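Structures for review follow.
Look at the two complexes coming up: chain A is in both, with chain B in one and chain C in the other.
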Partner chain A sequence: MAQVFATGLAMGCIYALVGLSFILIYNATHGLNFAHGELVMLSAFVFYSAISTGAPYWAAVLMTFIAMALFGAVYQRLLFFPLRDRPMLAFVIATIGFSIFARNLALLVWGPNPLRVPSAFGSSSVDLMGVVLAPEQLFIVAVTICVLIAQYAVFFHTDLGRRLRATAQNVEMAQLMGIRPNRMIAITFVVSAVLCGIAGVLVAPIFLVDTDIGLNLILKAFIAVIIGGFGSVPGAVVGGIVVGLLEILVAVFISSVYKDSICFALLIFLLIAFPQGIFGERVAEKA
Partner chain B sequence: MKNRRPASRHLSRLIASVAAVASLAIAAPTGAAAQQPVKVGVVLPLTSVLAAYGKPYQDAMQMAVDEANKTGGINGRQIELVVEDSQASNTVAINALNKVMQSDPVAVFGPALGTQILALMPMTERDKITLIGGPSTRRVSQQGAKYFFRNSPHDAISKENTTRFLVDDLGKKKIGIMHVGNEWGYSGRDNVTEFLDKLYKLKPVSIASYQPTDKDLTAQILQMQRDGADAIVIQGHPVDEALAMRQTKQLNVNVPVIGSGSLCFAYLRNLVDPADIAGRYCEAPGPLPSLSKDKSVVDFVAAYKAKTGFAPEIYTLQYYDSMGMLIEVMRKYGVDREKIREGMSQLSYKGLAGTYKADEEGNLRHDSVIMEFMPDRTVKVIREKRQS
Partner chain C sequence: MPLLELNGLRAAYSDVVEVLHGIDLTVGAGELVTLIGSNGAGKTTTLKAIMGMARTQAGQISFEGESIVGCHTTDIATRGLSMVPEGRGVFPGLSVYDNLRVAATPWIKRGMSLTREFDLVFDLFPVLAERRKQLAWSLSGGQQQMLAIGRALVARPKLMLLDEPSLGLAPNLVEQVFNILVKINREGVAILLVEQNAFMALEVSHRGYVIERGKVTIEGSAEMLLNDNRVKTAYLGG
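The block that comes next holds the complex of A and B.
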């Protein structure tokens, strides 16, 4: 049972990271970025390319984060900025278009064959009181905790964080207070893209890198943010872990065939019965 | 009269010239037709997540065509491939075939995917055109199709070999089956289950499936352990079999694990660390082409590597061979669609992977081998079932 929980927790942390980056953009723009899975995919491909240059592991990770930060800025400038005064549906449709473009671009640049990124930990496992864990799983949990602490510190203990939160809560009011919303939104996109970069770097060695790598993650992350309460930062984290645990518990004790069906049935049930999720609107507004 | 003779000569020359030009004009289309290339349609997944199951086969078939064209093509006519992308969708595959058919091909190669072949089959049967493909799903060739030829052994051949290997050779009785939740996976599961019952009166102790997009197979592996499986059969795609092998190692699964031909593909495409599969097994229609000492196979492997950067696996070799067989059929029987079907049904063709001879269902290949991945990163054939 502990084994099942440990594995579910690690997957849940990945969903939490992706969900977190997803709702950052939602909070800043009130738009849904349907190309979010593709941002994870691109970061995994970039990480593969960086590793392939023969660069040390840490340097490849750094290169990926820098590339994703730049990408986030360009993405905001080219996709969100021109559409910022249009109905948000225009942005949503543009992100769907970008997701198709990004997948085909990846196919052209990196080819159709899945790619293997070597793991920094090899394929060894760690035995913790009878629970066999892959070192990557422990690392994912540790990184997620670090990211959450860092994000909390930035958002609640820095001037930049206050500006970002002010912009997320009310753009007009933030502007009246002397905050430049466009700049804050651009920073939010960069932070979100770097979070996708972290997720991509974490999953690339445990999954093979292909154009599909982000699709499943974003679907589960979407369920996670619904469960947690749409727009809530802690909700995304809790929701991610709930989804990770739920799917492995369903797969092990009910049916591996129906685990996705049960997860999505739960999503529909929650949308109908508890539209505000676990943390509801109050926390969402604070984020 | 003296003056009229040259005039009549001129007239007769004129008539002769006109007749000659006219005869040339009449003959011209026939001559041009003789120089028209012989078109062979190719419908394969070249983009989408299934692209890895298309491009290698296209490359191999193009090599066979290039070699044939250098030696005169089909009685002086060059062979031309008309290629369309089927992506990961049956609808796209049908549209691709429609497009290919507009170029009036003499035969069509389809994907190694059972569902797509089943989608294409009604059209090729209606148009009375030979369809060659490599899906191993048993029921594909049980549809009563007259024009379909399978260039790879079906699951009933490979899974009988696998079942016998696990029970007779390894002495295992508690077999667990993990499979991808699609036609290919279910075919593997059903055939292993059938042979366990038919040959040994056994039932699988555990069966777990997963979605093609699943990356974490821990739950399925834990289920195998919980149910006490003493050997695990996996039937999936290269990506998920590679991930399954890695995750079984990480979860300290020490029972024999045998993958399908997809695992050979994963091994050759560097999707799995050789250290992760040391001691694991895979089944395939034949040994890895790179293990062969036969000069023709060695030359093919070298040429394929030079062209694509990868070593070919057996399925790629089968597409190369079956294109070679089609070329030989066209040379011997002609390029008429009905003659091609007749030739494919009758000819026994010696390819690089073995002999190709159609049975009553249109299955051309009947071999199966089990290979073991050795700790020194080599691959060894440990069981063979050859009918060719």
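The block that comes next holds the complex of A and C.
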């Protein structure tokens, strides 16, 4: 049972990371980046290629992060920037277009066969007070906690973080304070893409990497974000863990065939019962 | 040379709707100047045009002798002009301290110490010091206005633009806000004030302008405007 919880928690952390990076962009631009899953997919593929060159694990991770940071900047410049004064729907549609493009690009570059990325921990296991756990799962949870702490520290205790939050809350006022909103938005995209890079590096060893992994992740992350209350940071984290646990419990006790449908059923139920999500509007305004 | 000079300023929000049809106006260093006029006359647009937030179609805006027409709002704000917009515009999800800190962005970037500015603001508004960790949305309207003014002050402006600072405040708070503006002005900060409350604004001002339908119709010393019959009937309640 503890193993089941650990698996669910680890998956939940991944959803939380993807959800978190998704709402970073939403909070800064009010745009929904529907290519977000593809960002995770691309980083998983990049990570695979980096590992395949024979580079050590940490070097491959670093290469992936650098690639994703650059990608985030270019993505922002080419997809968001030209459309920034248009209705947000234009950006949303562009991201849908990009997600199709990215998947086909990945198909061309990395081929249709699912790729296996070796785990950094081999097939060892950790014995924690009589419970046997995969080190991979502990690692995922630990990394997620570190990312959350780092994100909190940056956003709430540095001047850059204050500027990022101010820009997300009121662009016009931010300009009057001598802040450059375009630069803040570019930074947000870069941070978000690197978070996708972290998620990609973490999922690559536990999934087989193919062009569809992004779709599954973004759907679950989207459910997580909605359950938590759209735009809320703690909401995305709690929502992600709820979805991760629910999924694994359904898979174990009912059937893995039904796990997606039950997740969506929960989403529909929650939308009817708590349309604001667990951490409703007020927190969203604060985040 | 005046600190701020507008010459034949025409400004608009789109290509179609011109709001200002040639405004001439100056604010000298250390001066407190009031713009009065009815709703829709173009007072707010004048402030926005100065800050680069409305489109200047013709005419000249110069600050310290340099043209700032076409400059980006961020750059104008960095030159020593700060604006307190109507509705205060505090960042609701940032604490009082963070709101002030963000306002000092240009100075933080240059690595300057802000102790003096923060002391000054907390001195003028003790309530902000008490509530420095509170999120701005949870402040009362009056406290938000103090925060908005404090925020403009932290940016060490040479000229402060204020749009309806007394709007929606209780009468005793209005008086407090005006007293504080006078104090700030005595510290050497020039102020360009837009006010519905024309009487109180002119009482504390050096000079004033009346704007009607996008043009300056009357200008002069505050004393002269307070005694002008047209101003009396139209803006001072007879």
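Everything below uses one rule, namely that the second predicted complex is superposed on the first by the 283 of 287 C-alpha atoms of A that agree within 3 Å, B and C clash if a C-alpha of one lies under 4 Å from a C-alpha of the other, contacts with A are read in each partner's own complex, and residues count from 1 in each chain.
In this text, a contact is a pair of C-beta atoms (placed from the backbone, for glycine too) under 8 Å apart; a residue touches a chain by one contact, two chains touch by 3 or more.
Values in this document were obtained by computation on a predicted structure and should not be read as measured data.
Peer 1: Please determine whether it is chain B or chain C that touches the greater number of chain A residues.
Peer 2: Larger number of chain A residues touched: B.
Peer 1: Touching A:Ile25 in the superposition: chain B (first), chain C (second), both, neither?
Peer 2: A:Ile25 sits against neither chain B nor chain C.
Peer 1: Return first, second, both or neither, reflecting whether A:Val194 touches chain B, chain C, both chains, or no partner chain.
Peer 2: Once the two structures are laid over each other on A, A:Val194 reaches no partner at all.
Peer 1: Quick check on the superposed pair: does A:Leu176 touch chain B, chain C, both, or neither? Answer first, second, both or neither.
Peer 2: So A:Leu176 only meets chain C here.
Peer 1: Applying the touch criterion given at the start, work out whether A:Gln3 contacts chain B, chain C, both or neither, answering first, second, both or neither.
Peer 2: Only chain B; A:Gln3 stays clear of chain C.
Peer 1: Could you tell me if A:Asp210 is touching chain B, chain C, both of them or neither one (first, second, both, neither)?
Peer 2: After superposing on A, A:Asp210 lies in contact with chain B but is clear of chain C.
Peer 1: Regarding the shared-chain residue A:Arg165, is it in contact with chain B (first), chain C (second), both, or neither?
Peer 2: second
Peer 1: Does chain B (first) or chain C (second) touch A:Ile218, or do both, or does neither?
Peer 2: Neither partner.
Peer 1: Mind listing the chain A positions that touch chain B in their complex?
Peer 2: It comes out as residues 3-4, 7, 11, 104, 107, 111-114, 116, 118, 122-125, 132, 134, 203, 206-208, 210-213, 215-216, 247-248, 251-252, 256-257, 259-260.
Peer 1: Which residues, counting only chain C, touch chain A once they are in their complex?
Peer 2: Result: residues 51, 53, 72-74, 77-78, 82-83, 85, 89-94, 98-99, 101-103, 105-106, 108, 135, 137, 151, 155 of chain C touch chain A.
Peer 1: Where on chain B does chain A make contact in their complex?
Peer 2: 46-49, 51-52, 54-55, 181, 208-211, 213-216, 218-220, 222-223, 226, 238-239, 242-243, 246, 249-252, 269-273, 275-276, 310
Peer 1: Per the contact definition, I'd like the list of chain A residues that touch chain C in the complex.
Peer 2: Per the stated touch rule, the residues are 159, 162-163, 165-166, 169-170, 172-181, 285-287.
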